[in-house]
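Which chain is which? They are A, B, C and D, in the order written, and residues in each are numbered from 1.
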Amino acid sequence: MKHQDLINACRGDWAAYTQHEFVQQLAQGTLAQPSYLHYLKQDFLFLKQYARAYALAIYKARTLADMRKALPSVHALLDSEIAHHVNYCGNWGLTEADLEAEDEDFGTVAYTRYVLDAGMQGDLVDLYAALAPCSIGYAEIGRNLIADSSTNRQDNPFDSWIALYGGDEFQHGVALGTAHIDQLLADIDINSQRGRELVKVFRTATRMEIAFWQQGLDVLSS
Amino acid sequence: MKHQDLINACRGDWAAYTQHEFVQQLAQGTLAQPSYLHYLKQDFLFLKQYARAYALAIYKARTLADMRKALPSVHALLDSEIAHHVNYCGNWGLTEADLEAEDEDFGTVAYTRYVLDAGMQGDLVDLYAALAPCSIGYAEIGRNLIADSSTNRQDNPFDSWIALYGGDEFQHGVALGTAHIDQLLADIDINSQRGRELVKVFRTATRMEIAFWQQGLDVLSS
Amino acid sequence: MKHQDLINACRGDWAAYTQHEFVQQLAQGTLAQPSYLHYLKQDFLFLKQYARAYALAIYKARTLADMRKALPSVHALLDSEIAHHVNYCGNWGLTEADLEAEDEDFGTVAYTRYVLDAGMQGDLVDLYAALAPCSIGYAEIGRNLIADSSTNRQDNPFDSWIALYGGDEFQHGVALGTAHIDQLLADIDINSQRGRELVKVFRTATRMEIAFWQQGLDVLSS
Amino acid sequence: MKHQDLINACRGDWAAYTQHEFVQQLAQGTLAQPSYLHYLKQDFLFLKQYARAYALAIYKARTLADMRKALPSVHALLDSEIAHHVNYCGNWGLTEADLEAEDEDFGTVAYTRYVLDAGMQGDLVDLYAALAPCSIGYAEIGRNLIADSSTNRQDNPFDSWIALYGGDEFQHGVALGTAHIDQLLADIDINSQRGRELVKVFRTATRMEIAFWQQGLDVLSS
């Protein structure tokens, strides 16, 4: 199978994630500032755990080739990606140390620890199946927002987000990662026991992404 | 330090967990049936992951004595505790296989995977610090509901829950487990680096327990 | 594939393990006492790690059925199997605490930690592929020694070992475990990438068994 | 405590490791070529597992600071250190793929899997205690060989090894790593339960280093 089979196997959840209200308000520029700030803080904490997950991918890999494929992600996460959030949050006077001291919200814990445990419980393929909704989903969202003429790009305080995830660099990185996932999935029949296990992992991780968006909106009512 | 120091270090979260609206409605017998059923289904899935966590405690233990201390919990979880939920849910025609096929809700994932990851990332003491809010908290809740004269025990469809967790058998089991935790914590100063790490683990797990109660109430509005 | 395909894929190593000089001296009753005592002490330490590995199998299992299948092994290892060695070593005045305080020899570390790491790095099937040479190999050795008319059973100080591993109870337990392994392997083609990975795990674990026998003989020259 | 306390707690094993016959023959240039080639092949396989162990250190770290401290080691191992061995072994027509396909010898499995399991079973400090004998020991050996006037540096086919591990770059890297370990150990009393656990981990890893040297010499008699 390929990654697209995983998406096809959970169409409803995939749509609920990639077309979430949070994404739509981001596209229109109508998202409340506290929601965006909460999202960024939590995404910072998310990236930290995500770096642990890619380090786990090095631990889990059986070949030097697979070990080397995961290393740039660990490097990028601990370096440039976290720096991006720190820079942005600096506008509110928040430092990296402040962000690291924030409490993780429920959705952040649910998604990140699910990925880490699915990877530890299963093998390298399970780990990538759990990681995939994040990278593939963000790339799809970014691409869609750029392609959609109704996206507000002129007067949108969140346009840097759209530019980042819709931009060539991110799209190219995800394309490489997705090719690697397709390679790992190539031998596996989606209707086998193993295939069904991977669908469950991918779908559960997708559902946790929904919780992650939602907590950004929920901050307004809490 | 002792387990009580962990509780004292997060008083607000501990109260929000042990005196949660879900618990109060349970005590009064006013909890909506769908909330209770959702809770039981999710608690079934929770117990399955919890059994994995106690198996991890055997893996993590350095001595035969500590390995043997965790074994009865794995046994009880996979046997009697899961059977209790299966029996109860049988009233709605649900079998064990049905329950195992249910989707895990966000709070279930958040709490269980946090425990498993905290235990895997740290050592045996971290694992027990993450497990503790569940056992110690349920025992405290059960004890409080039994002692509180305002608890409705005559005409309460959930009285079997109160009887179970307030009962001698559960109270005794938790007392033994808590003594073991106190023993593991004895050498650790709460104000040391190690002590602060354990407080963070205990408090985060406690916060995830709040999410677990809340999802039972949220099912009414979803 | 089936477990027999794993054996067939490493015939030379399998023979070097199951027909090792240590086994032959055991069968003839000519093994030096210090070799046997060293073996028993190390096997005690081996069983402790082996119990950790079966606990890991519970952690790694995705279904309640698979979790329950690993539990009796943890129980038997921590209880009856370790007791057997403690009883025997009691003839030399050694207690369980003495045995637990012994240093692990190189072969003991090599085999046990290989199993634990193979299981942690891969998934449940990798773990069982690493565990299999021990159970299946001991059953084959026991069966062979009983069937072989040249085995010395009258005047053999190690006959209790032969009776234990050639006996019905052990043979029956391994037959059940082997059926479970065959079930886990059923979907996997030995010539696929996954199949080759499992052959490597099984063969490496088999090679480490050879080191474990050898260290019993080496004690005489050290 | 400090790392020196760990060494002092196992003086005999430490000397047997750092002054091993293999090291002495290397210093004199009298080591048999097959022994050195076997060592290099096994050390290649060792470095691969060692990179997994440093990736595990990223997974295990609780802070971004600790995560970032382990990253350069993963990078160096997968890149320059492995390349050094591949270059050297190229003299015998061996490629990286050839080396990766070699069987791991018993000592290689014993040491690497012990480190990985000690780290997984315990926390980050256990992992560094298991890793320490390698880095600290090699630095001490390199320093001693350079300082010792009886070392043969003129006419020694293995002088590049001495130059590498006695050289400033390696010494400086280990000094930084050792300072980090001292920092992690600072709060721990060597006579506490925790201190004794770490001594055991450090000593067992040191004993496995002895097996690793020995297998280079044993290749001549096998």
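Here are a few things to note about the model shown:
In this section, contacts are C-beta pairs under 8 Å (C-beta built on N, C-alpha and C of every residue); 3 or more make two chains touch, one makes a residue touch a chain.
Everything numeric here is computed off the predicted structure, so don't read it as measured data.
Residue numbering shows that subunit A and subunit D use the same positions for more than half of their mutual interface. Relative to the C-alpha centre of subunit B, the farthest chain centre belongs to D. We define each chain's centre as the mean of its Cα atoms; on that basis subunit A and subunit D are separated by 37 Å.
Distance between subunit A and subunit B, defined via averaged C-alpha coordinates, is recorded as 30 Å.
Look at where the CA atoms of subunit B average out and do the same for subunit D: the two points lie 43 Å apart. Multi-chain contact residues, meaning those touching two or more other chains, occur in subunit B at positions 52, 59, 120-121. The part of subunit A that touches subunit B in the complex is made up of residues 52, 103-104, 106-107, 109-110, 113-114, 116-117, 120-121, 204, 207-208, 211. Subunit A meets subunit C in the complex at residues 59-60, 62, 120-123, 126, 187, 192-194, 197.
Remark: subunit A residues 48, 51-52, 55-56, 58-59, 61, 63-64, 67-68, 71, 74-75, 78, 82, 96, 100 touch subunit D in the complex.
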